[in-house]
Structures are given as C-alpha cells and as structure tokens.
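I have placed the structure first, in the form of structure tokens, so that the comments after it can refer back to it.
Read from first to last, the chains carry the letters A, B, C, D and E; within each, the first residue is number 1.
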Amino acid sequence: DLVFPSLSYRTGPYAANGIPFADGYADYFTLVNERDGGIGGVPARVLECETGYNTEKGVECYESTKGEGALVYQPLSTGITYQLIPKASADGIPIHSMGYGRTSAANGKVFPWVFNYPANYWNGASHAVNHVLDLNGGDLSGKKIALVYHNSAYGKEPIRTLEELSAKHGFELSLLPVDHPGQEQKSQWLQIRREKPDYVFMWGWGVMNQVAIQEAANIRFPMENFVGIWWSGSENDVIPAGDGANGYKALALHNTGSDFPVFDDIQKYVVDAGKAAGAGDQIGTVLYNRGLYAAMLAVEAAKKAQEIHGTADITPAMMRDGMEALEISEESQAALGMPNFGPTFTVSCENHGGPGLGAVQQWDAAAQTWSLITDFGPSDMEVIGALIEEDSAAYAAENGIEPACS
Amino acid sequence: MPEQLLFATEVILNGLMAGVLYALVALGFVLIFKASGVFNYAQGVMALFAAMTLVGIQTGQVPFAHLINTILGTEIHHFGWHVPALLSILLTLGVMILFAILVERVLLKHLVNQEPIILFMATIGLAYFMEGFGDLMWGSDIKKLDVGLPQGISETIDTTTYEWFGYGFFIDRLDIAATIVAVILVISLTLFSQYTKTGRALRAVADDHQAALSVGISLRRIWVIVWSIAGFVALVAGIMWGAKSGVQFSLSLIALKALPVLMLGGFTSIPGAIVGGLIIGVGEKLFEFAIGPMVGGATENWFAYVLALIFLVFRPQGLFGEKIIERV
Amino acid sequence: MFYREAGDFKTSYAADQQTFPIAFDRYRYWAVLAIAIGVVPFFINDYWANAVLLPFLIYAIAAIGLNILTGYCGQVSLGTGGFMAVGAYASYKLMTAFPDLNFVLVVLLSGGVTAAVGMIFGLPSLRIKGFYLAVATLAAQFFLVWLFNKVPWFYNYSASGQINAPERTIFGHAVTGAAASPTAKYLFCLFFVILLAVVARNLTRGRIGRSWMSIRDMDIAAEIIGVNPLRTKLSAFAISSFFVGVAGALFFSVYLGAVEVTEAFGIQKSFLVLFMIIIGGLGSIFGSFAGAAFMVLLPVLLKNVMVGSLGWPTDIAAHFEFIIVGALIMFFLIVEPHGLAQLWRILKEKLRLWPFPH
Amino acid sequence: MLDATDAQDTLLEVKNIEVIYNHVILVLKGVSLTVPKGGIIALLGGNGAGKTTTLKAISNLLHSERGEVTKGSILYRNRPVADLNPSELVKTGVIQVMEGRHCFEHLTIEENLLTGAYTRRDGAARVQEDLDMVYTYFPRLKERRRSQAGYTSGGEQQMCAIGRALMSRPETILLDEPSMGLAPQLVEEIFQIVRDLNEKEGVSFLLAEQNTNVALKYAHYGYILESGRVVMDGPAADLRENPDVKEFYLGMSEEGRKSFRDVRSYRRRKRWLS
Amino acid sequence: MSAAESYVTADGRTIGATVMEMRNITLRFGGVVAIKDISFDIREGEIRAIIGPNGAGKSSMLNVINGFYHPQEGEIWFKGEKRAPMRPHEIAHQGIARTFQNIALFKGMSTLDNIMTGRFTHMKSNLLMQAFWKGPAEREEVENREIAEKIIDFLEIQHIRKTPVGRLPYGLQKRVELGRALAAEPRLLLLDEPMAGMNVEEKEDMSRFILDVNDEFGTTIALIEHDMGVVMDISDRVVVMDYGRKIGDGTPDEVRNNQDVIDAYLGVPHD
C-alpha cells in the first residue's frame, strides 16, 4: 500500500486548528480507498503521528514513520519543516509544506525534495498587497499598513517581502510583533488605534488570531481593512469575536464551504460508513478543506508518479517525480468533484512553488460562513522570485549544494 | 494635554486594567502558597479546566464524548440542553470543590512535611494530568465562553474623554468588569486570611506542616478549603480570560503572565497580587509604548520579569511578601 | 544478599573517596559503559539515535548541569531553555564564523560562552532566594529568547530567523548535518556525556561540591564557616551553564540540525529539564540520567504502546500520555519524594539486607 | 495516683511497638509503656535512644517523616490512635510539644499561642483567659508578643511552644525535652507548671527529658530507653536510687556529684544492653 | 588583672593576652535592644562562658563576634586591631568558628562531608583541578580527610561517618556540629549551648571534648550554656547578661556570689 504520514497535532496550543486539518487529510484518503479502491488500485494508508506542534516530537514521528515507506511528508509546522528539510533530503523523501515552511524551498534546484505549491508566505504577502491595491485603484502611496505578526520564524516570513513591496508601491509599513501565545495584545492594538493605519495584515496562529480579531473589533477597526494570512482565517478565529468579526478578510489557498460534489461522496463513503477521522462536525470548515486539499494534491501527485513510472507501487523518489510534474487544471479538479476548489497550476523542477496564486475570503458573521470574494490571482513574482533566488542561494552556499535540475 | 501625554495616559489606564487581569491569576497562586507553602504550577491549567467545564456544562456537552464514541462507536456529543449562566457557574464551582477534595485525598495527603520543591513538582504532575484529562473530557476545540459579560469599547468613557481632551480613551468593558470582580475578591480574601481563625491556621500551615499538625490543625481540611477557594479564583480568571480569547489550551499559559506579578507583589500577599499586577501591567505597557518601537517590540514578556527582578533586588521578598527570616 | 558491601575494605582514604567506593557499583558502571560504547553503536539506527538516544544523552547533560545548580547548590533555575539557546547560538555563530574550527572545540567554547552569560544572570541570586529566584531566572529565559529572536546578527540575517547547522566532521565522520550517521552522532554525544558526567562527579565530591551543598542546606551557616556565598553561587551558575550550554550546542547542531529559538528553547524546555532533575533526584548525577530517561523515554514508550500496539487514535493516546505521565510523576513523588535516585538507593539498601527485612 | 500498673485508669497504652524509618531503619524495637490518668511519666534515655520517635508514634506524626509503626499498638482511652489523624487526636485531648520548638516563624508570638487554641470551641473569652494564664507563666512572652516568632531567642521560642500547647486545654501533654535551652530557674518553673496542671487540673504528662535530675524529681514513674528498647522502668523514687541511674543519668558517684572538669575518661561506656 | 600579662591556671593551662575585646557594643533590632553597651574581653586560651536568662542577648553577642550581626555602636578588637566591618566568611578566615543554638548542620550531607566542609578555609585547589581530580586536588582532599578522620575519632562518631546528618538524633547532631567547628582549627571557638538536650553522661563527654580541645590545641573558647554545673566547672571566667546588659563578669566563684546575678538568673546561690 501507499503510505502517507500525517504529522498532526490534536493536542497542545494549536490543537483546535490541527484537528480539522488532520481530519480532512485522513478523510480524503479514506474516500479514495472506499470509492476508488485506492490510488491506481493500491490502497492508501495514512499513518497519523501526533506532534503536538513540537519539533522534537516531529523528529520522532518522522523517524518512526519513514521506515514504513512514507511517500511524502506534510509536516504541518514551519519548525518541523525546517527540521526535516535536510533529513528528508538525505533520506530521499519528498516534503510538501503547503502554504507554510521554508519559502525559498520553492527553488527546486536547491531543494529538490521540498515542495510548497500552490503558494507560499511571500506570495501571501503579495496577495494581501495586491488586494489592497485593487481596493485603491492600484495606488498605495501614502497609505499606512501595519503587520501584526506572531513573533517567530513563521510570523517573520512576510517581512522581507512586504518591505520590498512597500518600497515598490510607496506604502508605509509598521511592524507589530506579538509574543507567543498572544493573549495580551492591548499594546499592539492601542498603537493601531493611535496610528490609524489604513490596513492591518496579520500573520497569526492559534489564540493570537482570536484575540487580534476581538481587539480589532473592540477598537472598532474597520474589519474589511483587516487581512489575515490563510492561517489566520478559519472559523475558530472569527467565531469567538461574534458579530464584531463581520467583514474580516483572510487570504485563501483554496475554496471554502462544503458546496462541492466531493463532500457528497465523503458523506456517503466516509461519514455514513462510520469511517470519518473526526466527529464529522468539521466538514466544510476552512481547515478541514485545507487538509482535504492537501490530500487531494498528494493523491494527484501519486497518480502522476504512477503514470510516469508505469507502476502502481511507487517509491518516495517516484513520488517526487510525480510532484514535480503535477498539473492541476480546472478539468482535473472538476473531475474530482472539486470544481474551482483551488487554483490551477503546474509544478516544475525550477519552481516547486507553483505560480503562487491566491484569493481573498471574507467572513460573514450573520451567516457564519467564509466566502471567496476574489478569484485566484497572481502575486508579484518579480519581487518574490528575486528573494527566493537570494535566500536559496545562501542556503546552497552554507550547505555546499550545487543548484541543478536533474 | 499634548497628544503624547494623552496616549501615555491611555496606555497607563489599559496597563492598569491588564494588570488586574494578571492579578486575578496571581491571586490563585498566592492563596495556595500562603496557605500551604505550595507553589501551584497547576493554577493555569486549573483556570483552563474550570473554564472548559463551565462551557461544557453551559452548552450541555457530553463529557468524554470523543472517548465514548471511539470505544462504543456511538455518536453522542450534546445532551441538547442549555444551562443558564449562573447555574452553570455554580455547578462548575461544585466541580472545582470536588477537584480540591480529590487533590487532597490523592496527592497532598501523602506529601505532608515535604520540601517546597517536591510539592511544586507534585503540582506539575497534577498539571500534566489535568491537561490530558481536561482535553479528554471536553475536547480540544476552541470554545466560546459567554456568561453575559459586557465586552468591547466603553462608549461612555470614549465619548466623555473625547469631550474633555479631544481624544477618546479606549477602555474595554470586560476589563472594567474584571476590575470590579478583582477588587471584591481581594478585599474579601484579605479579610478572610488576616482576621479569621482559619486564616491564621492557613499561615501556620505554610510555616511548618508538622507543628501545625501537632497543634491540631487539620491539614486536610485546610487544604480542601484553600484549593476550593483557589479553584474558585481559577474559575473567575478562566471566565475573564476565556471571554477575552476563547476557551482553549493557551488559556493555561496565562500562568506565565501571573508569575512576575507574584514575584513583585510577594508570594504571600493577597493585596500584593493586585498591586503587583498593576505595576507590572502599567510597566510593561509603558515600556512597550515608549521603548518598544526602538528595540523592535514584543518586549512585554521579558520586561515584566525584568521589572519584577529589579524590584526584588531591593526587596527580596517582593513588595508585600513576608520577610524572609534569616537567623541562626 | 545480591548487593553487598561487606568485605569491601578500604585501606586508604583515597580509595574510599573514589567515585564508586563499592566494588559492585564499580563493576556495574564499567558494564554500562562497555555496552554504551561497545555494543550500542552496532545496533543503532536512525530511529533509535534521533528519537531516543540523542535526546536522552543531550538532556542528560542539561539535567546534570541544572542539577549542579539546583540539586547541589540549591538555586532553583527556570532559565535552562534560555541558556541552552545561548549554547546553540554560540555554536552556530562559531561554526559559521570559523568554519575550520574543530567541532569539539566549538562545543566546548559554546559552553564557555554560556557559562559567562549564566554568571551574569546568576548575580541576583545573592539576594534573591527560593521560588523568587526561580521566577527571576525566567527573566533570563524570556530575555535571551527575545534577544535571539530579535537581533538578526545571531541568525546571520536569514529570512525567517531559523538557524541551520552546517556539516562538521570529526575524524572524517560527519557529526552534524544530514549526512551524519546515527553512530557518529551517538558516539559524539556519548563522549561529551561521559566526559561531563565524570567532571560533574569530581566537582561534586570535592571542596567545591561541598561548598555548593553547604549553601544549599543552610546558606547562613555556610557563610559563617567561611564559604563565600557570592563566589560559590556564581561558580555553580557558571559550571551549570557550561553544561547546559554544551547541551544546547549539541541539541541544535547534532540532534535537531535546525532550530528556531522560540520553539526549541522556550520556557517549556526550562520546565522539562527541571522536571527531569526532580523526578530523577536532586543532588544526584545518577538521578539526572534517570530523570532524563524518564521524561524522554516514557512518552515515546507510551506512544508506541498506545498507538503502535493498541492502535488507539493518536489524539486519545496523546491525552492519555499526559494523564499517565502526570499520574506517574505524582505516584513517584508519593512513593519517594527524593526521586528515582533515592528509590534506587533504598532498593540497594533492601537488597543488601535481603533476605532479611531489616 | 502513683502506680502505673493500675489498669482501669490507664489513659495511654503503648504496646510493644516497632518503628521503621524509610522502610529500612529500625528504630524502636518493642517499646511498651503506660500513662495512667493523672500521671507524670518520664521517658529517659541517651541521644538516639528513641524518645522522640516514641512520642511521635503516639501523636501520629511519624507518617510525615516517612516512618511507620510496623508492630504493636498504641491505645488512647482504649482506642487505637492509628485510627485518628493528628488533629482528631488533639481534639481528644492529646497534644505534643515537639523537640526543637517548631514555632510558626512568620506568626507573632501571640498568633502562635492562638493557633494552639485552634481546636477549641469554647469561645473567645475562655481562650483569652488561657492566653493571660500563659502570659503569667511566661512574662517574657508577653513582652515579645508582637514579635515574629522567627526572631525571638531560642528560649523564648521554647516558651512559646510550651505555651501554645497549653492553649489547647489538653488532657494529656507529650513534652519532648521541655527544658532544652531554658535558663535554670525557668526549668524549675516549667516543671512547677507541670506539677500545677497535673495536680489542679488532672492533666497527664509523658515527658521525654534529658535533664534526668529534674525529670525524676517531678515524675511519678519513669522508663529508661536504650537503643529503642525499654531497659528499666519503675517509680521515679526507685529509679533515683538505682546506682546505674545515679551514675549515668544523674552524674553522681558514691562520693556525690563530681565536677565536669574532673571527668577524665570519657571512653567508658556502660550500657544495660546494646 | 590587666589584659597584657599572661598567667597559669590552677590546672596548669596558660592563659595569654586578650585576643578579642568588645567595647561598648550596642545592637538594636527596630525597637528591640538586644545588646546594650556591653564591653568584655576574651583572653588567649581561656574558656569564657556567657550566661544569662533567655532572651538576654547571648546568642546575639556571638553573632556580633562572627560578623552575622553588625552592632550599631561599639568596636570590636581582634588580636590587638580594631576590626573593620566584614562579612562572616571573611571573619571565618581569621580563625573564628562556631556552633549554633538551633543546629545548623548541612542536613543533606553526611557527617564526614559536614566535617570536611569545616575544613573549607584550609583548602585551596581550584575548579579545574577539582574537575579532573588529579594531582593536587586529590592530594589535598586526602590530607584533609585525615584531619577530618582524626576529629571523627576524637568525637567518637565513627559509626555515623556516612549517615546523612538529618537523620541523626539531636545529641549526635550537636556533636557533629562541634566536629565541624573543630575542623576549621579555629583560634577562637564560639559554642552556643553545645550541651542542650543532653543527659549528664553526654554532658560529661561534651565537657571533656571542650576541655581537651582547649588543652591540646590551645583553642580559645567562648561558651553559652544554661547548665550552671557545667559552666561553673569548666569555665575560667564568666560574663553574665540580662536584658542586653552586662550584670556580672568574673571568675565562676565571683559570679556565683554576685547578688545581681543571683537575682536575675541563678535564683538561689548555686552549690
């Protein structure tokens, strides 16, 4: 069988976010097994391992699952991703850090085993800027944008990009770090209240999101001018703030809601059959969908690998080839019962990050739903590409890697 | 008033409010420390557990639903009722008292007369236990806590101050509520510990377990009382913080915000918790306001500790703590 | 009668002052060493090295370090995570600034840097005591982490603030980086463990160790006897931080290979190492090992049993893991408040008398 | 009431107890003794004989020192004390003055004394009366009543500990080395108080005391403990006349009291058993 | 008797010149005056007793001598020099050791380690040498061990050499504490109620140890004790304190017949 480890976190500070993702990830594979009889006829097996968002446990999980023939890792934490990049590269197992992890890993010449399609944090930063550019008719000069970020590697990711973009578009950027866990953000929000930035971006995670949105509502910051990264845009983040969160925006890697044919299948083959990974109440939530989407991409890559290598029983190396040749189109998504679920993209050796398409979703507090308010749009690859080159080159130099495409 | 001064005033006011919230957590530590010399690491987890239980009762959640469903293959989640806020607070209080009794029975009883660090460690074990247990019981999703506390900017203050200074101060109504609750708590607890026989017994126990036993103070009773009160304080803190940020794992980490308060106010002083809280709240907010931007921000966590440290160097027992007796 | 000391006479004080005065203990020690050096390396694989043995060895060093400060000198510290971070970042800066520097030296120098930092943060201990000091050391913890997170120089201006350990070799074998074999990493850490354990043992049984313990047991009396409290406490902070720094350097470079300071060296780490020494036994080198083993191995074991063998869902298993670890901590403290080391000592005393009850 | 064998009035009966510390250290090897109602019983013996341990076993405080009674039984008013926790024991009227003072350091002297009345339910006025009584016994305490006990001198703390026990209006007092660290007149005074309480209020005493001279002067009956065993017992008057007791516990030889300066050979050690 | 000249006692010991002199010492704690304007001296080789009712300020006086308390007024002269304010550990290095009224042993350490700690002021080896336990460190350790063992033999506590002192009965703890103080080979030994909680036999032993130390090593001893028998028998001169004041000073016989002392402390003239 084909082994897909899932380094999940159903405990610890981010459990509330880890659970729906892990459920979605697992349910999709169950669906594929039940409905299609596996991938190319071979059943998929999800090996779940609890990391608690803790790096050391992540290492233990990696070591204990890799021997089982793991095809691709979805580390689900920036820290663990950094951790696994050299290890997995040495072991020849691909990593898919979808929308997180090391951004410059998009450079497949330096990071042959790491993929971060369809979009990464730097794309995200650019999406957010693009969105406010759209709102302002393409001119941001003289505008003020504040970034509220989790004071960690993850939260610091967009800073470089935003700095470049602020130089390019002439907006003023102010940085407001929030320390883990982020329960107290009075200072940051009072500062926002004083300085009245036109827009606030947020790179938050866990309780920090809820508190930020709550505080923004408290100071009556206009919610439609508040844009979070895709990790700051789940139901968990907005519901505690109640009506105050109405109009809050977040970036999206994929579509929202459960209005897709695939969910009928999930209901039929997975939930009704009593095989759902979770309690079933998370289906259709943003993070469940994200888990589902990640699993879908993994399955598609596996199919691709089977196709390339002509064998159903693929190895991690073949899986890598499949990922590198992955193509997601309107049609392929529709065929899976997920029309327009995610952006269309292709992966190549030079570009493991895809084109970096993203959309914006907005919260409707009355209806308790997220919905996309834009199409999947491009990001400023001119700026980002250069940054990726620079950062990956530094990594290559430090680690004596000769960038190349096989 | 010049603008900067207005801003600073607003920061100070909010610092005071934040300080009150820290103090609420610190209070739980102080109670238990004062009464038994135990540094209760589990205080944060207790707050979390109390808040989770409150929400669970209020929304009619089935405890251990996940476990039951996994074992029996059932699909139960909710009882389908909704308990009024006040009743569920009372019920939760009952649960916390039960918890206090259990802690005494299972744990503290066996650790009479041990060194403080051992007792500290035991509460760490307790914290681990409760962390797993609480999650197993109520699930680790984020829960919204709603007992009808007001929230959001206080319009009255905003508009009045706007009329006066041309700049409306931001004060959160939740903070105002917390302040009122905290003041009532602190006053009643101070009176209790200073002027009642039980209060005196509490302090005796903290000094010397064996001697307390020898004069007939029942450690077991005292501990149950104290842990029940601490459970109540944890519940109050859990409600306030839970209303602010939802009920979920990170709630237990608020303990870290309470430690510098504790240090500064003194481990054994109830009023110290409040004063310490206010100083820390104002200090860290002001520092972040004035110096933070120059050094890149996010200074609050460490600055609170450094501030407390500076105070300690001059008063090693904290502002109001009992003097450390050094004699030979 | 399994364990005996009768008939084991000493004819000189030097012999009586050796590390293991009882022959039986000595044999057991050599046996453990022989297995660790001679047998384990042949059976080690990635899983055992990366998931079990490396963390165990490295935490053992940190635990010994903290035990020197807390168990021997009585100064409770919650700054261990911060000091480990100092070791880690020092080794990172040394490795990247001096690529040719011998890696053993890098690790030792990192310990030295940490010792200096530790001494600075040890200064308040002259006035602040007990739990107040414990909380005060949290200032070090938070400040150091903030510093490494904030000042880009420490992480060589990398985009995310992560640091990555470049490859370094000892005798031609890589010990850091992805190419390092589990055996090489294991032996490298083992070398430090043995070296530092012996040093710790020597320090704690002699003049310095006694001065630490005297400060721990009764600081006023110690001072009246002639022990200089400031120097003694600072030396404990320095030595302890040295150990913790070495542990931090190994933790980063050999074990994880990439770390982010807030995640890897947060407050949880400080608590974890403190748990180890209390569970293991304050004031005992053996206890440091026992505690590290307990806190590292138990969760792994529980996980493997519950998820691997019993097939429980991972989240229920994880919750039970907390419940069980917590319950065991309480259970052990109730049975023996002075830790696993004391439990072992009592067992030995019982064995010595066996089959007689007293 | 001088005869300890008078069974119907027995208050406290220790039967052949064995105590082990830490599961391995055997300290008491079969100690039996009786305290009759209204008796003053002295427990004598050298350092480490097990006096303190015996008292702690009676007041149920061993548990917190990781010691346990493994054999034998202790009955107070024919009830096994093992069934009572220390605080219930105090309520039934047994209170212990612990060796080494054990005052509550951070409480003032007066608060210390008041904690002694913790178990009493007979109203503040009665407690106040007893407080005054303690102050008349120990005027020094009255002077220092507002000081934290931790800052008072050794003797003051000793008075405080004794006074605290008196405050509980006990029926039986277990006194562990009451005279330790007290100035000579105070020692006499303390024993006067003991006799007073005994005669006027019928309080019974079990006292472990090193000051054999005084102890035997005031006690009715004595037990001598050596290495965890009772090696001799008898009415106090008889013990005082026993030549061994005279020599080793009272410091008298045939020629009368000898000077400490003249004791040349300290290597001599005669024991009844060991 | 002027301080300068030395004399020989009845039992043949030489009492030398003044080693320590307290001049007009006053010590206050807030409102409490623990010591009020007290002066006295201690001469080389003598056994100087300090007696007085409870709370008279005796222990405080010892604390002043070894620098734990700093008197508000008065001067302390040691070996003919006025002593500057010092930390206790510096004073220990001048050769003053003591025992405590409330036993202050290092509870977690064995008897042997406690006594070895007493040797602290005589040990020099540095950290690095200690870390590798070779050469000078080991040698020094063995040499000092020999001295410690002598003291253990002397005090007859061989059987508890390796027992953690926390477990020892009160009387033995007192003895270990004496051992620890002796290990420092002090010139001036301060003993605070060394015989509290001992029976006559043990007091005899203790007296013997004290006399022997004084005799064999010529150690000067200042002693607080409530057992008048012991004090009268073994001390050369006695200071009597009451309420922080000195009410008597002289040979045992003089003190015993001093009416103030009788009133305040002895009650009846002691035989």
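We take it that a residue touches a chain if its C-beta (ideal position, glycine included) is under 8 Å from a C-beta of that chain, and two chains touch if they have at least 3 such contacts.
Quantities reported herein were computed from a predicted structural model and do not represent experimental measurements.
Between chain A and chain E, the least number of touch steps comes to 2. Hopping across touching chains, the smallest step count from chain A to chain D is 2. Chain centres computed from CA atoms place D at the largest separation from chain C.
Centres computed as Cα averages put chain A at a distance of 35 Å from chain B.
Taking each chain's centre as the average of its CA atoms, chain C and chain D sit 47 Å apart. Chain C and chain E have Cα centroids lying 42 Å from one another.
Along chain B, residues 66, 135, 140, 296, 298, 301, 327-328 each make contact with two or more other chains. The set of chain A residues touching two or more other chains comprises 10-11, 15, 19, 151, 179.
Across the assembly, chain C contributes 146, 149, 220-221, 224, 313, 315, 318-319, 322 as residues in contact with two or more other chains. Applying the touch definition to every pair of chains gives A-B, A-C, B-C, B-D, B-E, C-D, C-E, D-E. Taken in their complex, chain E has these residues touching chain B: 63, 68, 100-102, 104.
For chain B in complex with chain D, the residues that touch the partner chain are 112-113, 197, 200-201, 203-204, 206-221, 268, 322-323, 325, 327.
Interface residues of chain A facing chain C in the complex, by the touch rule stated above, are 8, 10-11, 15, 19, 48-50, 52, 54-57, 59-60, 63-64, 66-67, 78-79, 82-83, 85-87, 89-90, 102-104, 151-154, 156-157, 160, 179-180, 387, 391, 394-395, 398-400. Interface of chain E with chain D (complex): residues 11, 29, 32, 52-56, 59-60, 101-103, 156, 167-172, 193, 196-205, 207-209, 211, 226-230, 233-234, 265-267.
Residue ranges on chain D touching chain E, taken from their complex, read 21, 25, 44-49, 52, 99-101, 140, 144, 147, 151-156, 158-159, 177, 180-188, 210-213, 248-251, 257, 259-261, 263-264, 266-267.
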